[in-house]
Amino acid sequence: MSRKTLKLAIIGGGSSYTPELIEGVLKRRDDLPVSEIHLVDIEEGEDKLYVIQTLAQRMIDKVGADITITANFDRREAISGADFVMTQFRVGGLKARANDERIPLKYNVIGQETTGAGGFAKALRTIPVILDICRDIEELAPEAWMLNFTNPAGLVTEAVNKHTNVKSIGLCNVPVSMQMMIADMMACELKDLQLEFAGLNHLVWVHKAWLDGKNITAEVLAKVGDGANFSMKNIFEEPWDPDFLRALAAIPCPYHRYFYQTDAMLEEEKQSAIDKGTRAEQVMLTEQALFDLYRDENLNEKPKELEERGGAYYSDASLNLVDAIYNNRNTIHVVNVPNNGAINTLPLDAVIECSSVIGSWGAKPVTVEELSPAVNGLLQQVKAYEQLTIDAAVLGDYDKALMALSSHPLVPDIRKAKSILDDILRVNAAYLPQFKVSVP
Amino acid sequence: MSRKTLKLAIIGGGSSYTPELIEGVLKRRDDLPVSEIHLVDIEEGEDKLYVIQTLAQRMIDKVGADITITANFDRREAISGADFVMTQFRVGGLKARANDERIPLKYNVIGQETTGAGGFAKALRTIPVILDICRDIEELAPEAWMLNFTNPAGLVTEAVNKHTNVKSIGLCNVPVSMQMMIADMMACELKDLQLEFAGLNHLVWVHKAWLDGKNITAEVLAKVGDGANFSMKNIFEEPWDPDFLRALAAIPCPYHRYFYQTDAMLEEEKQSAIDKGTRAEQVMLTEQALFDLYRDENLNEKPKELEERGGAYYSDASLNLVDAIYNNRNTIHVVNVPNNGAINTLPLDAVIECSSVIGSWGAKPVTVEELSPAVNGLLQQVKAYEQLTIDAAVLGDYDKALMALSSHPLVPDIRKAKSILDDILRVNAAYLPQFKVSVP
Amino acid sequence: MSRKTLKLAIIGGGSSYTPELIEGVLKRRDDLPVSEIHLVDIEEGEDKLYVIQTLAQRMIDKVGADITITANFDRREAISGADFVMTQFRVGGLKARANDERIPLKYNVIGQETTGAGGFAKALRTIPVILDICRDIEELAPEAWMLNFTNPAGLVTEAVNKHTNVKSIGLCNVPVSMQMMIADMMACELKDLQLEFAGLNHLVWVHKAWLDGKNITAEVLAKVGDGANFSMKNIFEEPWDPDFLRALAAIPCPYHRYFYQTDAMLEEEKQSAIDKGTRAEQVMLTEQALFDLYRDENLNEKPKELEERGGAYYSDASLNLVDAIYNNRNTIHVVNVPNNGAINTLPLDAVIECSSVIGSWGAKPVTVEELSPAVNGLLQQVKAYEQLTIDAAVLGDYDKALMALSSHPLVPDIRKAKSILDDILRVNAAYLPQFKVSVP
Amino acid sequence: MSRKTLKLAIIGGGSSYTPELIEGVLKRRDDLPVSEIHLVDIEEGEDKLYVIQTLAQRMIDKVGADITITANFDRREAISGADFVMTQFRVGGLKARANDERIPLKYNVIGQETTGAGGFAKALRTIPVILDICRDIEELAPEAWMLNFTNPAGLVTEAVNKHTNVKSIGLCNVPVSMQMMIADMMACELKDLQLEFAGLNHLVWVHKAWLDGKNITAEVLAKVGDGANFSMKNIFEEPWDPDFLRALAAIPCPYHRYFYQTDAMLEEEKQSAIDKGTRAEQVMLTEQALFDLYRDENLNEKPKELEERGGAYYSDASLNLVDAIYNNRNTIHVVNVPNNGAINTLPLDAVIECSSVIGSWGAKPVTVEELSPAVNGLLQQVKAYEQLTIDAAVLGDYDKALMALSSHPLVPDIRKAKSILDDILRVNAAYLPQFKVSVP
């Protein structure tokens, strides 16, 4: 590509993950002519934003890169003229997340913050904010690519695609982690492994795996059933039943445990909330510790403690996307994109998580062989929940919200759906102005 | 149609429902030239078959109809040359049903005999038998129409359509009952009511209702939410939440309670099993009483007690089909037929329950407007369960069976699915020769 | 239905067909409480409108019906409060039609006024006018049903469905005529015949035919191949090749000759234009003769000469629709409606001509078995032409218009397409204000 | 990949193209451990096979490669244990091709050997032979990839996919040539160009083109309309109408001229046949000249005259595929593969020509944005022709063959279709044993 300079805007720049992004940019200086990084956050996060900014500056200075770091609260300035906009914010912060996780537990329902009923609350808060950001991008950087890390990433990307003209790709570290773990299991190099990923965010399967041209799907499933490491830092590692995996004949992602092993996962979530607080409450402590490290004026690189935070590979995944788009690499990444026929049982405009070709055309999903009925049934049910949640979030529509939660496979009864919904609307009232109804 | 005489073969002729069928034939003598009715059953049912045969003969004699009644165990003789074959048998009888209902309850899962995990066991037993019957029809009466009442009627009809060349239509009394109850609510005549039915057997919705050309869907939902009678004899009448019905915006069938109000229905099923036995155990008593009535040599008509048995309208529904096919009426009935695009999110060969045009071409479903995501999500999930169950039943495949139960929305965890499956295979071993695995 | 009185608005009331409609209304007085018929036309048609009005009045007086006839140029008054709006107008009159037929012939291309390139010109003129009428209906009679006879009826109905909220059904006399002719061939009663119609307007096939439950498709095709009468008054009856019909295995409509026997039909059209003028020029004479009859003050019924005009059964077809909707008859008629999955290879919102259930819900198409590739290929190509023509007519877009004609199977080369398009735009400039481009 | 040695089997090894393949293998010795090349042909081609074998041996010797060349008539020996089977044969040779081109011209129909009616005859001859080859591959090299160059490549690959279990990919040099020509026009490097290819073989469009992330589709179309070189050696370069290209809004392939500019192409084909013989007759001379060169014992490399033969890039295209599969490159190539949802208006098992990801999983097509109606209409019509041709070739079914030709957009009338078909069957009788009918 005819070289020019690149500007990155990081929405939620005060996040503890930002040092990883900075490191990623610095590692790719030969391929990506980044000249400006604009970190933007909300005023409540002023202190954290400042800590991140100064650490980032030290990291840049260390390698002598010619990159300007800006950090402030002016989102429009950040977006204006950006080539890539990265979103990694959390509406309501970890406190809101703690509520998301606790409310469903009251009703014996999994609260998990992306895939459980907690993710529903998070979506209602997040979607209006991201659509607002998109209005700015449409006006101030219409050619920019938005790379969205904000969870629930599939839902949020679908909302952006259906309601704005912004060019966007949703991103998650689960597929990359699965690739790494399968390569570990098979003791092979990543490049020799071929994996057919398709599903939804946090509900993605590897439908078929090949090594040196040989179908190794059953072999991988046997290893997972036999206890091979196949989980993420932030998910309880309930063992898989080998018979079930053989019958499924597709490799589930770690989050599938919530759907397939609901009883055990709920038990663990309840016990864990009692023993050490919900996951949000645990993360608050980790964050505290990380920022303490970041404040150290001698620190001028990403501390290794960050990798234990749970978001491993996020930065590599996202900067590899920037590289693939900017340099028209046509490499394969697993991202969240409009389906467009790749999974032929879902609507064309449904956002799916799928192996995609990334180049100057953005992301184009690769077609997927016909799914088994078991995979398709769950996929359809969760996509129905997602569609309804997007409608509810955009319209502030109580009925759509009720149908969304009633359609969620982890919410087993409409009475519980209604109770959880009413609690969510009450507790999050400050973040949900789109809902006009007053809940008693 | 150029008149000829008609032969009906009734498989499971010793059923307590048969007198209703006989009554239906006698009522339609002007339109249907039935000259022969062949009741066939298995040897274990010899006594009941004889009781039914003699009652039927008395009913025929009373009106002086020119109809021959035959009753024996020779299924091939019954089918040979038949114009219509009606199937209403129960493999394993009410004892097997009692097991179907009790096993899942052990694991806190709804056992219900069609739509619950009990229906899964019933399907495994029934499908091989009905495919056997179809082989006979293909050979001995290839032009005959099979009208299938045997539950789970949707699943069974799909198995027949996918694995045989028999012309078949599946039939249930739920849609007719819903029409009657809605007409009652609206205090109108049936013929002025227009109802768009579509879904699966025991999972059918009225997506839109009109009276005198006016859309009355919301009005009907309000009445149902307000407590109007909208249930079947054999389903516990848990009240509906009016907010949920308004949000659903489609009229659910009585069996939808199992999916939407799972907690309450499970509680009731458990309590009822303790208080008065499972539904199968209650029906055994009703059957006993009916056969005592049937034995009365003075009885020469269908006793009104039969209507309380739960299968109201079955006979009318089925003989109206015979009439519509034979006389090319092109009237609209709600039956189980291959989808063929009517519900555009399901495969063409999936059997659905849908408003259909019945004439000499058989049944052709009427197209349905696009379904809401909430309706589509549940529909897809249940259809996935059905497809897997058919495969499991036909192939005797343990893995398919495990995936079928794991995909069932009322079975919330794969561990429970596996335990229930193993119990079902063990208890039903005599009826499931197609399963080669020995379960411990 | 709770009886009330009905108002019919006839747009293009001065048409020579109107007496047939009046007769249809009078024949159905027991079933349809029509109390008002409002004939509306444009000022250029004042004389014809007056002739029709007075004839209609005499017809009403003869049977003593209590129906008010109004006739004037006030379209909004006609539509206001109407229950049914019938459209049967011709923008530009027969003179424009003569141009439509002659322009393509200059380039050796079939000009035919609905299915040939002539129909394209007619669509460009007609669609903006019908959308205007629909705006009035949306405002003044939002619950009215529009029954559209205006050709090309499929295209026009699709434009109405995509661009307005009017409840509309498109209607053509070809399917009824085919039913009549097949019943004649088989020497049977209409009610014993079962025909699976599906396709597009003037491109409809009977995919399967049954008599007394027996598949007679091959038999009908053999009779047609053997020369049985199977044409319309206004189409040259080029004989069909029996081998081709057998291979097609579906019964084509008379207009299919243009697509399958293009050479012969073009030759005939060219010769006929020389010998006796184009079809439009012939119809001008017939019309003249009809109006001479209508002026006779002693005439108080539909003269039998009208039937020879070519539009036989139109009135019966349309008033049967009114009856079926008003009285919720749920009878089967072949009409133009949104596909909605009936033909599963076409988009849901494509308008097709299909056997449909007509009742108080309007028209719902009955699903169609999978089409053969040969049928599907032609169908898709013509539907592509239709979609592009609608876009061109609505947007006044030259490029869409060029692609429409280039996609028409009877226009074999883009150079011809462009020449014909430019001629059409030039000659019809007065009727095509939506096209901003000035053609040289 | 764990290195092993590779065996290539070349069916039709005596082709004049083979030296290019040999050159391609030799160029890639670092990436592809080819140790054996088996050339196989039929006995009639003995002389040519020997000439090729000895030239190939000289080429190998020149670079000192460790590759064994075998050449004989034993197809099963060639296939046995092969890793890649390449097919490039021509049933009936150039004489049959000359007939294919001349017969349609008699009826004023384009005869072109792939896309015209000539391609239909070629398909009937070729498909039974390739299915025979596949039976051998299934038995003797079930894991081998078949790379099919044999025309009509799309049709042939679809036949293989529908009727065998062989892993196959169809290949054509048109897409590569289009890439080269567009890069030339834009004066850019290939790697900076991004092209969305999709369609059928010899009917493929670039739906969108990007350079450095900028959409340049309109710019490319303007250059083509302005006369930029955009043709293949073997197609007459009729200029494109710039208005048409702008309206089409997709970049057509050179073969599209036959469909869009039918009149001019037919004229040229007729004139050319008179002036210098059909294309087959011209190629016979070129071939003669090439083999004269090949016989030169001093020649030990591919002579540059071969590039003028018309099949430029074929060898690079095919060996790049071998490399991508063997080394799991996951690079993008435009090949013929089962659609699988990429073009969502075509069946899943239709073979399309599409940008695909090539790796150890074979070829997976990348999804395509929704096609415009004009593109979709033509695509559907040609695919219908292809489906029917495959059925006709496999079944030897006259009716399917008649419907295939009647569905071909370049055959404008069923009478011509029938005459051409009858001539084809008569002239090719020796090659079409599957057709039982005797044509008069």
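The letters A, B, C and D name the chains in turn, as written, and every chain counts its residues from 1.
Simple rule for what comes next: a contact is a pair of C-beta atoms (placed from the backbone, for glycine too) under 8 Å apart; a residue touches a chain by one contact, two chains touch by 3 or more.
Given the structure is predicted, the values throughout are model-derived calculations rather than measurements.
Colleague: Would you kindly tell me how far, in whole Å, the mean C-alpha position of subunit B lies from that of subunit A?
Modeller: 45
Colleague: Between subunit A and subunit C, what is the separation of their C-alpha centroids in Å?
Modeller: 54
Colleague: Residues touching two or more other chains, restricted to subunit B: which are they?
Modeller: Answer for subunit B, listing residues that touch two or more other chains: there are none.
Colleague: Which category does the touching pattern between chains fall into here: line, ring, star, complete, or other?
Modeller: ring
Colleague: How do the chains pair up in terms of touching? List each pair.
Modeller: A-B, A-D, B-C, C-D
Colleague: With touch defined as at the start, can you tell me which subunit B residues reach subunit A in the complex?
Modeller: Counting only subunit B, the residues touching subunit A are 241, 243-244, 246-249, 260-264, 345, 372-374, 376-378, 380-385, 387-388, 398-400, 402-404, 406-407, 409, 412-416, 418.
Colleague: Show which residues of subunit C lie in contact with subunit B when the two form their complex.
Modeller: 1-2, 143, 191-192, 194, 196, 208, 210-213, 325-326, 328, 330-332, 339-344, 348, 355, 357, 359-361, 364-370
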